[in-house]
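First up is the structure itself, then whatever we jot down about it.
Naming follows writing order (A, B, C, D, E and F), and every chain is counted from residue 1.
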């Protein structure tokens, strides 16, 4: 691809694109959230603007205390804690989704901004690329 | 913004949660099993009719035909794949899988 | 316009790969360029030459290979997902290449639109 | 498997098992209904008792007038019409599922018995094997 | 009869439609994403509580723990994989995928 | 008791294959026999030797091969589904065999319980 030879320093602020990861699926039932997480961790090395929105069953990805030994799959939840140190700009959680699941911000394994879907509507429209996981 | 919805709203909450985020002037494209949301007389018809007051709803003709349907709820617009491409030309896409 | 396409599900099991293909065909028919295909998660299975579907059914990987050749499209198959699922250069369709997830970021940057098909 | 050398004539009535195919998924979105249909057509060659229950989005499998040319996949719906000639005992459709989808028996491509979930509850319990597709 | 439910009832209708077919004395096992139906305080809690009046509801402990939950709705019984096997010994199975 | 197990989803993408494996292990631990495994639809992908997952992740096909060998289990991989997905004798795990759907009926007949895992 033509972009391959551009390194991050060469990209000006105007070249930055806004990427939003839309996490709407529960962990472990399918590979999606883990797949999304792996893309985020790689994309963080590029100089782009990355946000993550957890909505619907995606909010379960952030539940504290996941212990996967009993089902013999990798626990990837701890990686969500380091996203901010990877330069991810915003971690949003949809308020309604959280409430419908009987969860509070203190149930989540990292600090997030709890937002309403109304606030998010405009934000979504401002994104260049939305990746669903 | 174009939301693309591919799950049957008769068994999945996808369409409903998508509509919570779709604001006035946004569009929703129903495709794959999502097209069942476009047919009249189902238990989710009222949800789609309500949505039509503020947003545009499209249904992919090829997927509707494949599933044996033609008629859609008043106000839902039919598009073929070329129309789907046209919608993506006009809007950024939010795939609501 | 330049459209990037992300495919997250495997062939035959879900409609996602078919929808992606039909969309890609319609996009080029309208004069658009496909800036790239990215096969991720089970999506990598679309790119195996090993499939031999019945004569009266569509041959999903052959169809992609022909599309890639005809339109000179860059098709990337995620290396990590491929390893988990047994896709290697030995069974990769012609025109596709196995590479890392960084290519998906590049595709997002290069494309006017990046649209995902999955389940 | 030990059963391989038994042919159907050798099985007495008591040896017959009751198989129920539970079709709950919409056609084309996933391979499930087609996968189930293919099992039914093979199983019909064995001398077992086969019933099929269409419920939830599975009732869409029976919708008349499916034309799949536009999405380039095989239309397998006509095969549902021949199930009875294959010796499938009962084709049931769940009444509530049909109604919730605004469909009537005349929308279906083959004659079926429209049943209530209450009637089906007992029937399900009487099955030896239930295969979900 | 043991119904096995593996979809999240927060986004799928599976549990609800399953309960329409589950009659008095039947059992339902929640596993995989189905276990979210067993946790207290969700929008589907009332559905499960109502079901508990006539049927037994089980939740697979390993799947609950994996997802970071331990506490369940009063009356829901926790089973581990050995318990899952035990339920299948006792009942014919209706997988409600 | 004799338990038959039907697997309808592929490895890594959905939990179904993991649940099937965990169930099968628990069943033999309780003294039950596994009368057979039947891999159908994307489930056939569980039986490919080609996968090479990361060291710190489970190796799904190797795990099944070991289970089959250890407990002498009959494991059948659907031929039609395999053809569509590129599974052949060349990449089939040891102890499994490719055969037709009739074997699923036989498994239903032979088993005290037949339980399906899918999505």
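Convention: contacts are C-beta pairs under 8 Å (C-beta built on N, C-alpha and C of every residue); 3 or more make two chains touch, one makes a residue touch a chain.
Computed from a prediction, not measured in an experiment: that's the story for all the values here.
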Worksheet item: Going by the contact rule set out at the top, which chains touch both chain C and chain E?
Response: A, B, D, F
Item to complete: Quick one: point me to the chain whose Cα centre is farthest from that of chain C.
Response: E
Item to complete: Looking only at C-beta pairs in contact, point me to the busier pair out of B-C and C-D.
Response: B-C
Fill in: Taking each chain's C-alpha mean as its centre, the one farthest from chain A
D
Fill in: Averaged-CA centre spacing for the pair chain B and chain A, given as whole angstrom
25
Discussion item. Roughly how far is chain B from chain E, centre to centre by C-alpha average, rounded to an integer in Å?
Written reply: 32
Discussion item. I'd like to verify one number: the distance from the centre of chain B to the centre of chain D, where each centre is the average of its C-alpha atoms, in whole angstrom.
Written reply: 29
Response to the item:
chain A and chain D have mean C-alpha positions lying a whole-number Å distance apart equal to 41
Fill in: Per-residue overlap in chain C, given as positions that touch at least 2 other chains
8, 12-13, 15, 19, 22, 41-42, 57, 80, 114, 116, 118-119
Discussion item. Residues of chain B that contact two or more other chains, please.
Written reply: 6, 10-11, 13, 17, 32-33, 62, 80-81, 92-93, 95, 97
Worksheet item: Taking each residue of chain D in turn, which ones touch at least two of the other chains?
Response: 28-29, 31-32, 56, 71, 73, 128, 132
Worksheet item: What are all the touching pairs of chains?
Response: A-B, A-C, A-E, A-F, B-C, B-D, B-E, C-D, C-F, D-E, D-F, E-F
Worksheet item: How about chain A: which of its residues touch chain E in the complex?
Response: 26-29, 56-57, 60, 63-68, 70-71, 73, 75, 77, 100-103
Worksheet, complete the sentence: Seen from chain E, its contact residues with chain D in the complex are 1, 13, 17, 20-23, 26, 92-97
Discussion item. Quick check on the complex: what are the chain C residues that touch chain D?
Written reply: 12-15, 18-19, 21-22, 56-58, 119
Worksheet item: For chain A, which residues are in contact with chain C within the complex?
Response: 1-4, 15, 17, 19, 31-32, 35, 38-39, 42-43, 45-46, 48, 128-129, 131-132
Practice prompt. Note which residues of chain E are touching chain B in the complex, please.
Written response: 10-14, 17
